[in-house]
Amino acid sequence: MFNIPITCATYTSEEIRSIFIMQGFAGLSLFSILLLMALGLAIIFGQMGVVNLAHGEFMALGAYMVYLCSQITANHFPAFQPYYFIIAIVVAFIVTALVGALVEWGMIRFLYKRPLDTLLATWGLSLIMQQAFRSIFGAREVTPTLPEWLMGSFKPTPTIDIPINGVFVMGLSLLLTLGVYIFMFRSRTGLHMRATVQNRAMSSAVGINTSLVDRFTFALGCGIAGVAGAAFTTIGSTGPDSGSRYIVDTFLVVVFGGAGNMAGTIVSSFGIAQGQSISEFFLEGTMGKVATLMAIVVILMIRPQGLFPSKVRT
Amino acid sequence: MSETNFLLAIEDLTVSFDGFKAVDGLNLYVARNELRVIIGPNGAGKTTVLDLICGKTRATAGSIKFKNCELLGMAEHKIVHSGVGRKFQTPSIYENLTVFENLELSYPSGQSVFGTLAFRRTAEVIARIEEVAESIYLKDQLDIEGAFLSHGQKQWLEIGMLLMQNPEMLMLDEPVAGMSPAEREQTAELLKKICENRSILIIEHDMDFVSRIAHKVTVLHLGKILAEGSMAEIQNNEKVQDVYLGH
Amino acid sequence: MKKFYNNVLGGRSGSIGVIILAILLFAILPMSLDAFRLNLVGKYLTYAFVAVGLVLLWGNSGVLSLGQGIFFGLGGYCMAMFLKLEASSVENTKIQSTPGIPDFMDWNQITHLPSLWVPFKSLPFALVAVAFVPTFIAFVVGTAMFKRRVGGVYFAVITQALALILSLGIDGNQGLTGGRNGITDLRTLLGWDIRTKSAQYVLYFACCALLIGAILLSRFVLSTRMGRLLLAMKDKEDRVRFSGYDVASFKVFVFCLAAAMSGVGGALFVLQVGFISPSLVGIVPSIEMVIFAAVGGKQSLLGAVYGTLVVNAGKSLFSETFPQLWLFLMGGLFIAVVMLFPNGLAGIFDSIGSRFKKRSLIKALPKTTEVTVVELAETGGKS
Amino acid sequence: MNPTNTSSLHYCRKVFGILLASTLATSPLFAGDFPTAKVNTTGLAVTDTEVTVGQLHSATGTMAISETGSIQAEQLAIDQINAAGGVLGRQIKVIKEDGASDWPTFAEKAKKLLVNDKVASVMGCWTSASRKAVLPVFEKENGMLYYPTFYEGLEQSKNVIYTGQEATQQILAGLDWIAKEKKAKTFYLIGSDYIWPRTSNKIARKHIENVLKGTVVGEEYYALGHTQFGSLINKIKLKKPDVIYAIIVGGSNVSFYKQLKAAGITADKQTLLTISVTEDEVLGIGGENLVGFYSAMKYFQSLQNPNNEAFVKAFKAKYGEKSVIGDVTQAAYLGPWLWKMAVEKAGSFDVDKIASASPGIEYTGAPEGYVKLHPNHHLWSKLRIGQWQADGQAKVLYESGLIEPNPFPKGYQ
């Protein structure tokens, strides 16, 4: 199953170069997607130590929001079509964040002491959300009609095509990461958040409303998941069980990076993305994926604390 | 120094957590049948030293020789088997097992996987358990679950669990914390009794308790030894008074 | 004999429980259910092997594995490989371009039996492999992770990833594994047609017997010093370590034991259902099996069996009437069990009979809740 | 999904009128002429007024996406048959079971339908995996399965009627056409990772290399649900094949075509032929992402013949204007009709009699046009090439003659 395309035929150096550029780009866009997926989880799992197996479903929820918006736009303000996507992302964020807050209030807050139980409860939640999607939006996979400007590609040279949606997702994840970083390390709320993680009792003693912080943190994580889902609609479709397809990868990225460590998450999603896209280029599809996952797991067995162990063990 | 007649010989022991040196080039020697007390202000690295000896924390540099064999890098359970017993600061016993079961689990034979499957509660095991229970004043509580002992009793039980292993060196982290004066009395007695045939390393804050039991006192400060000697010497040491007794 | 009575049957209350279960499985169900339903129950009981393993691993050792499907699947595949080879005799497969090899291999242009398959021509080998292969994998994974103190959530996530890898790997190697379709159309065991009604009955009873065997074995393990040690480990791992135990090796042992049981369950599944496919290996079945144990009560061996039966019966009945509702129900079940009945059926049962069985209640209840303290205050913990 | 309001029932009747006209003279028969004792000697669930059939598809889980259409089409056909007096004067009662996209569940439910409910026949399954899981059950319990999906072939059972095309029917003619029209010499084969795409590509490869004297420059498989095709697309760009031959199914489809478009691989630059995209999939992918690409199917919703127009009309009347009809949906619709005709030809519900009566049955009322049951229990059918338009419908560019089903093609294994 080992076929190295380069050797299959003769190509101009020009072509080879552009393939490498495009391959690098493919890796980059996969990276930005993994990063988007993992960011929310890095906050929820890393900062709060909550294992949210419904994370994937929150992404799906975000994606469905975009679909909803696109339907509404198409039916009521067709003129608005080229721009709706931006609004849709905001909507996705808000809705998922709200649902997140609700879930935290109704479920998670009772389970902070029992991570393993959270894991089971959130899995239950994911089942419910999946079926809810199925009942509301139908079993069929849906795709929002994307504004044309997102779907094209621009060619710096005649042999290179850079997909615009890829660039878009990349920009989005960059923006989001930056935002989260600034929020966590420059804002007062962010400070409270980190304080609560470090020492719950102490924080509440100094007058931080920890339970509110928890709810906020969880909501934020979910909101980001929602944005990730929204971004997803540019490259894939959305079905009731789309979320469950991503959850494992997402967790691996976070664990691999070392829970509770932003930098770690970024580095690991980069490594995994490049690893996967390269192995897919040289190996055959499925086995490429298997190889990547296997590598991650083996590394995790040798180095369970991940690439960048966090100071606070959650 | 390779050979030593000390039971425990710690040399140039250093451990740093992301640059912060909790223990810094420590040298400490404990003789057989000695009862040594380590004192020092909070953050002096007292508990860390015990952690290093029993393998809970891995040292950055230095050596810990117990009966002339290196403990650094040895697995915890092996260190225990070589004769080091360690009691934690907050009494750490099995809440949902009875006192009897607590002691029994510490019985030093049959501790391998299949050993535990084959282990039988023989007469001698029971005898040993009762003997220890006697000495830690818990003979009448054998059937009570750990959860319902008083704080002091829990401290004793944990000491008892160590005695079951019959270690050559016992490390106790604040054994009388949270004890009533009466209990302190009994504990003092207990310690005197048990150090007849073994060395004991104690971390303690309660000065008059220390002065009652200590053969020799070591003062730690910022991971280094500040002073060492009899209680009297220590009390008259102004360096010590500055950093410690002073406040 | 006395020792057996106390340790294995678990004294009076314990043996009553086992006897009731035995009566249910060997008498009541076979008499009250038609062949089809009974075969279903048989299928569910194979999951119960995994659930029992999880009771040991999760309920009693505090290690949650989301990858038990791996071992169920491996056991199943080992069995299926033998049966498939028997089913693809030359005359059964003369239509193929290479007669005598399993059909799916023929479809994948494989012209001779892969070496991996060759030993599975022997039943003894296959039977040993059923228990050994899962145990071996568990040993490797367990040693690698427990020695490095990987536990809790991390262990759960990594085992889940392993489940995904295995199912993907099977998908990706069609010629060797039958891919997504799995290994189907298994017919005979040493010439004995396993699809006939009579065979189904025999297999059902064999399954019940083995399951009860597994329960008694687990009972025994828990009754020894190891049982108390596992409890202690859940409570104060460090204390155990500094009482001279090599904590990791104990976890590895329990993990292996659970894996072996799951493997046996998988093999029995294949015998009764007649095929195996990656859909039994992946993430979803693995975590569903956790819920079986949770519903039964994660610390109760017998509970695991009842939990498995209840959940699956519910699944079959509901999906026959209104499939839509089933997932909501399943999801709700997860949440309810975790938040309202942390000790599942067993917990509920105990709290009913608590007046008589305070000790077991104390064990069953989460240590922190007031209830315990009150209960204990009354009893002074006497038992 | 269930029988609906009177107006649409009335519709069905009207539609059935048209169908009736187009079918052979199948004038309503009366139960009285066929005493139950005579027509049902094997204890199936047949009464003087009623006959029970099973329907086994995934209403939940990943496959629900694809199988919903089949469920609807079968229900429509059954309603129409009932409206026209049923089978041997008996009304058809349906027992719906949910396979939940899970193969063991399929096997379990199949067994329930046959053993407990004693259904006279089962319309069901979609994926090869589910069919493989239930096949032993049907052969053991001697049931009758009508299987609607185009599939990999390499199978033939007394207990299954395959109303979809087997691989050679769907592949060969399509390749011939593309090779002729586009002067194609190099092909890049892509598939989802399971038996159907793999076997189909195997057949395609043999045909390309041995018959068309072309070359296969790449062959790749991706796990179902895979969403990242960046690397694959780069490989395609590197190889510059004349034709991309794609057999990707399910959600991956959408990602694949979206990313193709985004990478600038569009119909004006690149020929793409697929055998896995029907109107159903297009709904998900979005016509705008497929414009100009080709599908090889035996049926397209846009087919222009009275049967199909009536069928589409009835379908939309029952399931809404927005609903679309793909190849499999149409094939599923044939199931109940073929069973009805077999029963009436055999004058019995007994599975053995139906199995032996089925070969030779001709159904002129099929939306896809005339079909005929081959002794190997597959259908003689045509192959059509459709080119996708932005509105999600296909423009039919080519129609082959009737192709003989050949599930075990010599020289292709």
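The chains carry the letters A, B, C and D, assigned in the order they are written, with residues numbered from 1 in each.
Heads up, the rule we're going with is that a residue touches a chain if its C-beta (ideal position, glycine included) is under 8 Å from a C-beta of that chain, and two chains touch if they have at least 3 such contacts.
Just so you know, these numbers come straight off a predicted model, no measurement behind them.
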| task | Report the chain whose mean Cα position is at the greatest distance from that of subunit D. | result | B
| What is the distance, in whole Å, between the centres of subunit B and subunit D, each centre taken as the mean of its C-alpha atoms? | 76
| Between subunit A and subunit C, centroid-to-centroid distance (C-alpha), Å | 33
| Centre-of-Cα separation between subunit C and subunit B, whole angstrom | 43
| field | Distance between the centres, which are taken as Cα means, of subunit D and subunit C, whole angstrom | value | 38
| query | Tell me, which residues of subunit C touch at least two other chains? | reply | 168, 171-172, 324, 327
| remark: Two or more other chains are touched by the subunit D residues 60, 193, 221, 223
| message | Could you pull out the residues of subunit B that touch at least 2 other chains? | response | none
| query | Pairs of chains that touch, anyone? | reply | A-C, A-D, B-C, C-D
| request: Within their complex, state which residues of subunit C touch subunit B. | output: 221, 224-226, 228-229, 231-232, 235-236, 238-247, 249-250, 253, 362-363, 367, 376, 380-383
| Residues on subunit A engaged by subunit D in the complex (per definition of touch) | 3, 5-6, 8-9, 11, 15, 19, 22-23, 25-27, 29-30, 33, 131, 134, 139-143, 145, 151-153, 155, 161, 163-166, 234-237, 239, 241-242, 245, 276-278, 280-281, 284-286, 288-289
| Across the complex, what residues on subunit C touch subunit A? | 58, 64, 66, 141, 144-145, 148-150, 152-154, 156-158, 160-162, 164-165, 168-169, 171-172, 283, 287, 290-291, 294, 324, 327-328, 330-335, 337-339, 342, 368
| Touching residues (chain side subunit D, partner subunit C) in the complex | 59-60, 97-98, 100, 102-105, 107-108, 111-112, 115-116, 127-129, 132-133, 135-136, 140, 152, 154, 193-195, 198-199, 202, 221, 223-224, 408, 413
| query | What part of subunit C is in contact with subunit D in the complex they form? | reply | 34-36, 39-40, 43, 95, 97, 103-104, 106-109, 168, 171-172, 174, 179-182, 184-187, 195, 273-275, 277, 279-280, 316, 319-320, 323-324, 326-327
